[in-house]
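I'd like to ask some things about the structure below.
For reference, chains read A, B, C and D in written order, and residue numbers begin at 1 within each chain.
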Amino acid sequence: MKQSRTRSLSILFQFGGLILSLGFVTVILLLVDANPIQAFSLIWQGAFGNPTRIANVVVAWVPLALVTCGVLVTFTAGLWNIGIEGQITLGAIFTTGVIRLFLNTSVNPALVIIIAMLAGVVGGILWALLAGVLKVFGGVNEIFGGLGLNFIATALNIGLIFGAWSRPGVASMSGTEPFPEIYWLPTVGSFRFSWYSIALTLIGLVVIYFLLQNTHFGLKLKAVGKGIKSAYRLGIPTWQYMMLAFLVCGLFAGLAGALQVVAVYHRLIPAISSGYGFMGMMIGMLINYQAIWVAPVALFFAALNIGGIQLPIIMKLDSTLSGVMQGSLVLFILLMQGVQQRILGKK
Amino acid sequence: KPKAPAEEPAAPVEEPAAPVEEPAAPVEEPEEFVFGILMVGPYNDRGYSQAHYEAGLYVEEKLPGTRMIYLDSVNTADRPGTTPAQLGEELVAQGAKMVIFNSDDMKDDAIEFAKNHPEIFVIHASGDTQWPDGENYIPLDNMVNIMGRMEYGKMIAGCDAALHSETGSIGYLGPLINEETRRLASAAYLGAKYCWEEYLQLDPADLNFRVTWIGFWFNIPGFTEDPSLVAQEFINSDVDVIISGIDTTEGLIEARKAAGEGARVFSIPYDYIGACDEAPEVCLGVPWFNWGPAYLRHITNATTGNWKAVFEWNGPSWEDLNNFDTTNVGYLPGPAVDPNAAILLESFIDELAGGLNLWAGPLNLQDGTPWLAAGEFATDTQVWYLPQLLEGMEGRSE
Amino acid sequence: MSGDFILLGLAGVIASGAPIVLASIGETISERAGVTNLSLNGLIIFSGMMGFWVAVETDSLFLGFLTGALVGALVSAIVAFSSITLKQSQVAVGFILAITTRDLAYFLGNPIMGLQGPIMLSSPIPVLSQIPILGPLFFQQSIMTYASIILIFLAWFWIYKTRPGLMLQGIGEKPSAAYVRGANVGRMRYFYTILGGTLVGLAGPLFTLSVKAGWKGTITGLDGIGWIALAITIFGGWNPIRVAFGAYFFAFLQWLGLVLQSSWTFIPSQVLQVAPFPLMILTLLLVNLGNTEWVARLLATLPDGVRERVKKLIRSLRSQAPAALGTPFERE
Amino acid sequence: MNIEFKKINKHFGAVHANVDIDFSINSGTIYGILGENGAGKSTLMKILSGFIQPDSGEILLDGQQVRIDSPADAIKFGIGMLHQDPLDFPPMLVIDNFIVGQGGKFLLSHKTVIKEFQELQDQFGFALDPYTYVDTLTVGERQQLEILRLLWLGAGVLILDEPTTGISVQQKEKLFAALKVLAKQGKTIIFVSHKLEDVEIMCDQVAILRKGQLVGEVVAPYNINQLVEMMFGKQIVINEPKSRVTDEIVFELENFSVEQYPITIENVHFRMRAGEVIGLAGMEGSGQDVLLRACAGLLRPVSGRVIVNQKDLTGKTYHDFMRHGVAFLPASKLEEGLVPELTLAEHFTLVTEHKKQLFIDKPFFQNKTKQKIDDYRIVGQPETPVEALSGGNQQRASLSMLKDSLSIILLEHPTRGLDIESAMYMWDKLKERCAGCTSIFFISADLEEIIRYSDRILVFFSGHVSEPQDSSKISLEQLGQMIGGKGWDRTLTDEETYEAISHP
């Protein structure tokens, strides 16, 4: 009884956070002389207005959901894996590298795609483990190790695109030479999404849900995250589990990066990680690290990103409004959590 | 309607439902022609993208019944998870019958889009895929390539710089290294060298033309050189005119600062006719793009059924370099131009108008490899695909 | 290469390092009080945009800087409120703000792109600027650069040489002990977080009104600076002098990269640009190695004499974060 | 200064820590506050020193009603408190610790302050070096520093919360002498303790608290039995534990040396038999915790060997030790023993071996947890997060999580923070295990506990370890002297004790 009361109270506070963030965005819109209702409905239309748009939302949802899955694992282990952007990038780089390797061979393209994606996963894992090694054996806080590794990963990426892997003669921001279509992950009709990426994402979601909710592994990770010393005393090999958390997160990030290459861009591009890593971390905070919410909230964020495209076309507003909406939502919900704890704690 | 689509081989690709079902059609004024522009930067960047945006406004004004829609900041950093091809479809969903891709970076997407949407007219600005002589020829009936011959603008900029340099050191603030940026930097060098020798009667050995690449079209902390520092470094090492090849105006700003502190430094920005406004007191002029006339022509062709897939590399209008209706590239002298130099610059422009070709042999590449023999003139493809900087220029070629 | 040219280059390094100095010392102050302000990256962009905007509208550099400072104070007040009053995770709130304020800056700053704004020029100090070497290096800078240099010593002096500074160390180290010594821990943390944020906020306009004058939206070239400043704070071990050294070192490598670009063609130009990051990681490694268990174990196997010496070395390198950094203070 | 408490009440959630406390203290006296663990002593003192605020009630100083909202206020009124754990800044210099928080010139100048610091400490015969770092001082020295600091601030009332835990005999003597001097000067000293002997020699008068209530005030001289009864509400009957030592050797240290700054322990030889209980006695920071952790594999020895059940585990990790039947229960439960925010059921899931099972069998662990809760009389549910358990129940939970078949249990302060009943329950459970041939190695600050439950005792004095002492042959006084560094000649060899135990 008491529990259900605090539950409904907490929903009330979350709702309050939502209202506040909507209010905040409305004020911002009024400030720039725009009609908020029109803006909101445009975003909705832009995300779900027709099948193509829904398909595009799904395309953005795939990496976002995957990355969020990974981030939840590191969050559970008490780690701030800010290096995830770099892990996505490395996933993409490894995938591209492998496809380039097989480009003019007779190896079955399907096989090449599979090997390339595995390589991408390995790339993500390696980069994550590097942050892990720095943390575990070097005492370098994962936030700063990860930030540094992000910069290095991006530099490596740009270096490859403009250097070793540049298109003949024209190094360009458009990325490396696109692969022949046989190396593309097949998409559905004229839509841009692929059943394969969706299937992989759904598998990832299910795996993470059960991993964190119902397995000994998940419980041990949680123990490491909540009290590392105690966890060690209770017999959990803590540094190994931290490394495992990095590994799993790197796996998801690498997979996301690989899919960006084989399913979306068909080449390596400069901003391949697309900020999905950071966005995934925000989603993680917003859903309070509960795996069950990953899919819908990632969909919501993806919809904001895609729907926001309509703002400049029709209202001549900058699309960064979507980012403002996402950020303020997470911020206000978090603040309301604090307010709730403060008020209820005082009773 | 274009004749082309019928022959399109890519027919099996199913049409996305969107453009057809879009309810924009029913209550509409007779035959409004909507064209969409995808711009790589912000539409109001006072640079490359704004030049396209204003060309769109120009078309709207000159050709009643047309309407522009646009999407700016089309790049993966600003629009994560999207591709220009997908964004092109968004424009189509809003009724666009033509989509203009404004950047070289959108090449692959422009092609993908053109293939998937044979009924939509596509203009790819700065591309070379419709050039039968080019190295990347991919014939597509619904696509047109347009590029301005900015080499002329850069030559004039180079001349302007040389005419104003007292130290004989000119700095070229380069973006990333590719064929386009190499040929533009080289053109500036050719212009500078010509004016230095012919008009000022100075020894070419005393002309110091340095290119420093920042590694990108604009500054990204941690990845590119800092263009402000590059400009400062130019100024510190006696450069008194900075020619900018990048999207942002650090050259101008640093010159303005140096001038404010008593130094004699000028700068020449790039891309947009209004670029001098950020620091008129040190601005010698700006080579600018005028996409309007070409857009107008091709949009008219599209509406009148005269569309033809072509590659165009359009030169300036020598009668009036800054006429919005006629020229494709221009050069607008800045407020800081010295009156005497202005006269010489005028005669240089006249010479160019009269057929002066600076891409003339003997010319060697930077490493000394002969490129043009004496008396030889470079072909368009030779210029377009220039493999190195030219001999006499300082800076990296790769 | 003439000496003059190098001197001027180094003077440029000091000028372009100035905003990073402001930001990382601001962060140092806030972290000394026990509050990590992770919002730096967005905050600098946002305050830079706002400062530029106001400066353009009013044609007043002063008002521009004032605006930047206010924005910094406001954003860091949110960090302070949520972490001190609401006891939410500092890292979470800071991270969200880093992203949100950046997007907000791009959104609101759209209409003012590419406008001509006032620029802060250098103001040489009459006599001092004539001193050879030191003159051009330190005394031909802009007022804000002077301010940033003074700030380094001021912050150092405040933290280590004054009574309130001692208490500042205390509240970051062990707030409960500071509390029984009469400190109002919550209020002081608010104060220093906001003060630190104000300094960070000044870094923004220092970019957009001087070092990288102008506002160009997403291509202004500020994205990433805040993360760098954060890293430099750690690199500097929360000591203003070392922090400033880190900031200048970063700017120096930038300069070195472009000076060497044409002569050192064997190195891809990206290398020197990214160099600060592996270096930063390496430094963090060196600084932290002494705290790790396996090093302690390894040391245990060394012969006595060597062990003592290695230990001393590691001890001298080690820089300890304020012990209570990131943790809320609860009386009971 | 005269202090008067009027109807002070303080709740912590369900706990009523202070109930209508009503009494007064006259200036110039040394006033004792007695009470068992959790009686509410610290709470009352924290209220007086402004650290926390009462729910209701008043405090009068020299007849004037005052509001003490913060330590800053308390300092203004001249009230200074020495907390149970020293509240100072370990990485700072002694002199900076002395200065911080004091009014005075804006700029720090050590010179003048040091002069006065020296003068002040000379009065009490303290000898602190102003230029060392606090983290190199002993607990006693840190106390001295705090006292000096409070006096320097002009404290007229000095509250000492259990000041004699963990300081050496000499330091204790010094402290007591200093306090007497201060009382003579007319300062009010409040002395909080549950150690009767300290109170007996120090205090002019004591107030006794029990379960948050004032049970009475007694003036010296005291009847100890009366005090005990007032403290606990009953006479405490303590059943004497039986020894269950067998012949089998389960644990051995050979030439064992270990160090952890600033303690170095060298060349310990030692054997332990199955079922044996060994107590480690010594002042806090004398090295007993270092040795205990080294025995658990948490610290690596510099030289020597550790042998557990005939296996050489030298240099292995704690987890290897665990696999060989060693378990370690640390003192601070929520930091090192239990995982905050995890429930009891989750804890039992964590510590149970699961044969390569992937998924958690929730009903199974639910039942298992219920069983353990019943077994160990833990007040809580399987869903209760451990941080919501009371201290005693956390201790019980930790104990219940130990595996059934263990060779050795290493415990840090197994009954610290427990009232006598819980403590006895703990020991019953531990002794049950001894019957099952488990050996116990424990640290305690309570010498009586050590003598009562140990078979043999190791005494520590600043890193020196005595030969094992036969607990039946050592008195409380002797042990007290030894932990203070006296009487180290009286030792037995390992073989002698073995004889003594196996053939009583």
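By definition in this document, contacts are C-beta pairs under 8 Å (C-beta built on N, C-alpha and C of every residue); 3 or more make two chains touch, one makes a residue touch a chain.
Per UniProt, the chains are C = Putative ABC uptake transporter, permease protein; D = ABC transporter related.
All figures in this text were calculated on a predicted structure; none of them were measured in a lab.
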Problem set entry | Identity of the most central chain, Cα criterion | C
Exercise. Where the CA atoms of subunit B average out and where those of subunit D (ABC transporter related) average out, how many Å apart are those spots?
Worked result: 77
Seminar exercise, completed: Between the Cα centroids of subunit C and subunit D (ABC transporter related) the separation in whole angstrom comes to 43
Seminar exercise, completed: Note: subunit B sits from subunit A at a C-alpha centroid distance in Å of 36
For this session: Report the inter-chain centroid distance for subunit A and subunit D (ABC transporter related) in whole angstrom, where each centroid is the mean of the CA atoms.
Result: 48
Exercise. Of all the residues in subunit C, which ones touch at least 2 other chains?
Worked result: 110-111, 224, 270, 273-274, 277
Problem set entry | Two or more partner chains touched - positions in subunit A | 151, 155, 158, 318, 320
Problem set entry | Sequence positions of subunit D (ABC transporter related) contacting 2 or more other chains | none
Problem set entry | Listing of all chain pairs that touch each other, if any do | A-B, A-C, A-D, B-C, C-D
For this session: Under the touch definition given earlier, write down the residues of subunit C that touch subunit D (ABC transporter related) in their complex.
Result: 161-167, 169-170, 173-174, 176-184, 296-297, 300, 320, 323, 331-332
Exercise. Within the complex, which stretch of subunit D (ABC transporter related) touches subunit A?
Worked result: 318-319, 322, 328, 330, 334-342, 346-347, 349-351, 354, 357-360, 362, 401
Seminar exercise, completed: Touching subunit C in the complex, subunit D (ABC transporter related) uses residues 12, 46, 49, 51-52, 70-72, 75, 81, 83, 87-92, 96, 99-102, 104-108, 300-302
Problem set entry | Residue ranges of subunit A in contact with subunit D (ABC transporter related) within the complex | 210, 214-217, 219-220, 222-223, 226-227, 229-237
Exercise. For the complex, which residues does subunit C have touching subunit A?
Worked result: 38, 78, 82, 85-88, 91-93, 95-97, 99-104, 106-108, 110-111, 224, 227, 230-231, 234, 268, 270, 273-274, 277-278, 280-281, 284-285, 288-289, 291-292, 294
